[in-house]
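I have placed the structure first, in the form of structure tokens, so that the comments after it can refer back to it.
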């Protein structure tokens, strides 16, 4: 049976900060859509969403999650963009034995050293990004790198994973500059990257930071002087903000693109009608994870965490977001990823037509085998 | 009718008829407050052009407060203050000064970071015909000697001289002087007496707040005696002897 | 050469020095505004960062809704924000006359929270892009680095504004009024100087300087509601280093702290965010009144 | 006079220059124990500067200062205070938000050696009350012991300041223009008070009020342009034509 | 007699509170009340506006977290270590800052705290932007399991009452007496032979230490130490709490802290969530313009008036 007679999902996200376009209010919409599509009730109990802005601060997130768990009967925490937030909420989820459905946070440690039994990592991770964008660039001859890295867990994780790929491909890393998160003026970091002489300047950051770094590089004539910028995590919303003129030709790894097939187009169109924007992978991932969670409750008739998580692992993930996705015992949801290239303005046929898919990266390749996971509870 | 009312109405001033005199300052029913405390309780007084009057009284009688109220330096005041024919009870300090009023404050108010000369030159001209800096240095040779010293380095007495000199440059013709002999050597006090006499001859109107009765007595045309925020009496120069009792009572001279 | 001796590529050294100078220009203009305001109101204007942000936002909004270009905004935004400053002074700061100066700091701190909170609410905490004017696109290759024209313009514009301000405040009577007003505004007013007007204008001018810096910064840092809030603390440290005493002090300290920061990025990158505070601590030990401050 | 007397304070060639300007010029000051000694002179003569040198608010350019025959030229201000040389300020120096008793107690408190003890109860200071009240009685303030100081009159604040200073058990008190800004009544009261507390102590004072100097002081040193002009008993000094000329003016009569 | 009755009532209220309210919120209130009271010691009684107290609060939180999580110290020792660290930091900052007064003091403490903040971002032991997470609550004296919220609450209550006690005593001690004299008239205090810098420094260090105690305790309650605790916004918040409650009153800061914390908490889950900063800014402005004595201060003034 359902505890407290209601299934409550708490969406904790960045509502107005650096990642608010990537995740933000759109993820709350996605969660609401998932519930509506599910019919509003599960196993006879109503489903509710609560949401809060964690401002990308771990402590705000942890306090909110703790309070939700203690006083509001929240059963699952969803979205959790920003790795530090996800990790903080993991602590709370572990203590309270609640489920954490991570979509926005990207660091691979979430299903490795930092994993918890009820922490499920849905959309992507930095390893997948490295395998996608990183190795594609190395293959094109980008064999010396300099990183501009956001100074927190996610940046480190991304730099670490890409470094592994670069070195495995025979390239080398010449150095890295850590920049504060979020940062606005990248000129000094860009100059350092330039001075390093590396062929590729890898941006181990995301959202507003990536956009600003690309702009600074343009201002200081980096690209015209022959170095290349590699955005290691670029979202559709970033391409939208940069404009195709600036972004064209960028390689990026996507977990989702609205224009893949009829199903994705249909869902994305509905999302667009509500928000005025096409969804990012993070937003689609929230829909997918919430839906899968509800399915497991429906199937087991209980909202008991252990039972539900077990059921979620048992069932394949199969929706417009992921086909034949598998939820592994370390919490990783393994599904196919896409290597895409940003279209030139000429190639684009209309608004939001930004990407062409270069290659589908099979889930196994993107996320590696379970045996590589260092999660102690796998 | 109290003595104060009588005199403020300008009925008899040393036998001359009031209509021949121009009122430079006329205060009626002036009340002033420091926060909640009521410092002036309805002051009435009139000062005519070219006159030198004193405000006498014990510490805390309200003399400084009267000057500050006239100058517009006390926010909460009521009643009427007519300065050279204009009502200024609602005016702010700079507007009042611009009517040709010069104020020498009790605490001297030398600007510590400005030099002596800068202090002298600071107050803007409020009327034509002020003294020149050279003239002032002649009157106060100590200042000439220290003209480049910053205000904060001056001795107590030098500051007092500077505060006085400063307002003579601006062309102000109504001077409000608060305890200007304070801390001065007797020689300088004598000198100041001469200066005041000279100013009077030139037609200045002067309101003088003094503790030093010996100094004030021979200079003044009239003495207003204050106590507890009231003007309790007004003594003409010619009545000094007869009114000794008043001085004994309120000043314990 | 010198730089080669130290094992540093000239490209890096000069590049960071130049960027330091650019940052220093912002420090200078901002600390100058603080100095002017402090001079007459005896208030440490904590809202300075928020007003700097307001300048950038004014430029952005002017462009977005009224299609006024950068150059127009560079003139208009400081005027608008200066006017806001005048209003703030009239209706809020004026009421603090006569109470401990600390309350001025606290009031402006509250103001900063209010303004920044409002803008975060309206525009989100992420930045709004703001393009540099077309005429200043591109740059020149100096050999050791590529200098974008826009950045060069920032330095020149700041220096000009600083010089003009210095002239007005130190070489005209306004300067003497400013200093006298700091010590005893009441008395200055009793001499016939319209001190309330002077204070209001000083606040308006100081605030307009902040807004000017904000417009200059917009193309570099984007327009972000929180762009001023961390900067202001660095500027406070600059002010402590220079001492609140002089206009010149504000300008010189501002520029040199930018350069010091740039050099630190080359030689000791880990300390670049703290170097100004370290300098401040050293100055406090050696010269508590600051480099240009008057001891009393 | 008693030149070989028992001197509590002596200066030898005490000199202070400010940027090429000599404010105090080789002053040999000898203050005899248990006397009231006055330092007078025109404005800017260097009297306050001498005080500042004696209490080390300023550092002498050259010369030595001897206290009880011991060289204290290099001592710091707090050390000088602890050796019993206490100075009063020209502006009244009290703690306005403490009660009258507390004001005195703060001065007594240092002897207990518990002033850093933040874990001890305030009532541990009550042992000092008796002494504090004795001192207040001496200056005639006992009945105000529980009042907050802020609302007291100027003269009483000065009296309180003296009580507080006495609590430091000063051997030598330095008073800079103690009667400045006081009404006649308060001047008399303070003069009387100084006379009373001078018993068993030494007082060095700067004063422009010659009435006070003449009634109070055993010995007078006249300073002019930083140097000693003359020295002696009041009658002696005041009849010196140089002193009349430089300082006293007409009032010397 | 009446006074004791009031205290007894207050204590009873504090003891039964966790039965009525969410204990974690109560603990937060307590920690901030202690923090604000510590801050009040230096501003309300020392007359020095420190705009950098978050450095001590946050610094102690980090050290405590590290001591418990990494060194494995028991909870009480961890808190003591963090508090001691705040004391040392307070000494360092204080020595520099007391060289200037008034507004300069405020700016210097702010700048130094910001420097400390950058050091926290940089140094590994704090976890940088991620914060120090998963600090175990442990046990009290090895007996009481503190992972229970109620048990934790009583532990926190004990710690905070201790802290309040120290502050209340310091205010009414021989030291407090000198401190008030210094606030009233510095030159006079100097001339009475007091080395005023040492007194100010001691007051600053005590204040920093207790601010540290509050931060250390908070890190154990929330099992987390993060940059928020050390950020200058936190310093601003504690000023606001103290100002709102009443500067220089014993209970004011605690009242202010309870109000602000409750307010933040209520607002953040309602539709007004995004307005928290705006509302706090407004309260700040209103306090400064119209309400400088703060709630407790105004109440006291009103009471005094009605008695006279």
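Per-chain residue numbering starts at 1, and chain names A, B, C, D and E are given in the order in which the chains are listed.
What we mean here is this: a residue touches a chain if its C-beta (ideal position, glycine included) is under 8 Å from a C-beta of that chain, and two chains touch if they have at least 3 such contacts.
None of the values given here were measured: they were computed from a predicted structure.
Enquirer: If you walk from chain to touching chain, how few steps can bring you from subunit A to subunit B?
Expert: Graph distance in the chain contact network comes out at 2.
Enquirer: Which two chains have the most C-beta pairs in contact?
Expert: Going pair by pair, the biggest contact count turns up for C-E.
Enquirer: What is the chain whose Cα centroid lies farthest from the Cα centroid of subunit B?
Expert: It is A.
Enquirer: Going by average Cα coordinates, which chain is farthest removed from subunit D?
Expert: Greatest centre separation from subunit D goes to chain A.
Enquirer: Nearest whole angstrom, what separates the Cα centre of subunit B from the Cα centre of subunit E?
Expert: 53
Enquirer: Please report how many Å separate the Cα centroid of subunit C from that of subunit E, as a whole number.
Expert: The answer is 32 Å.
Enquirer: Centroid of subunit A to centroid of subunit E, CA atoms only: how many Å?
Expert: 38
Enquirer: Using the touch rule from the top of the page, what residues of subunit C touch 2 or more other chains?
Expert: In subunit C, the residues touching two or more other chains are 120-121, 273.
Enquirer: At which residue positions does subunit E touch at least two other chains?
Expert: Residues 121, 274.
Enquirer: What's the complete list of touching chain pairs for this entry?
Expert: Every touching chain pair, ordered by label, is A-C, A-E, B-C, B-D, C-E, D-E.
Enquirer: Which residues, counting only subunit E, touch subunit A once they are in their complex?
Expert: Residues in contact with subunit A: 22, 24-25, 121, 128-131, 133-134, 147, 149, 222-224, 226-229, 265, 268-269, 273-274.
Enquirer: For subunit C, which residues are in contact with subunit A within the complex?
Expert: Subunit C residues touching subunit A: 9, 11-12, 15-16, 19, 120-121, 124-127, 129, 132, 139, 141, 145-146, 148, 150-151, 220-222, 224, 227, 262, 265, 269, 273.
Enquirer: Mind listing the subunit B positions that touch subunit C in their complex?
Expert: These residues of subunit B touch subunit C: 71-73, 92-94, 96-98, 103, 105, 109, 111-114, 118, 121-124, 126, 152, 167, 170.
Enquirer: In the complex formed with subunit C, which residues of subunit E make contact?
Expert: The contact residues of subunit E facing subunit C are 49, 51, 96, 99-100, 102-104, 106-108, 110-112, 114-115, 118-119, 121-122, 232, 236, 239-240, 243, 274-285, 287-289, 292.
Enquirer: Can you name the residues of subunit D that touch subunit E in the complex?
Expert: Against subunit E, subunit D makes touches at 77-78, 81-82, 86-87, 89, 93-98, 102, 105-107, 109-110, 112, 114-122, 124-125, 164, 168.
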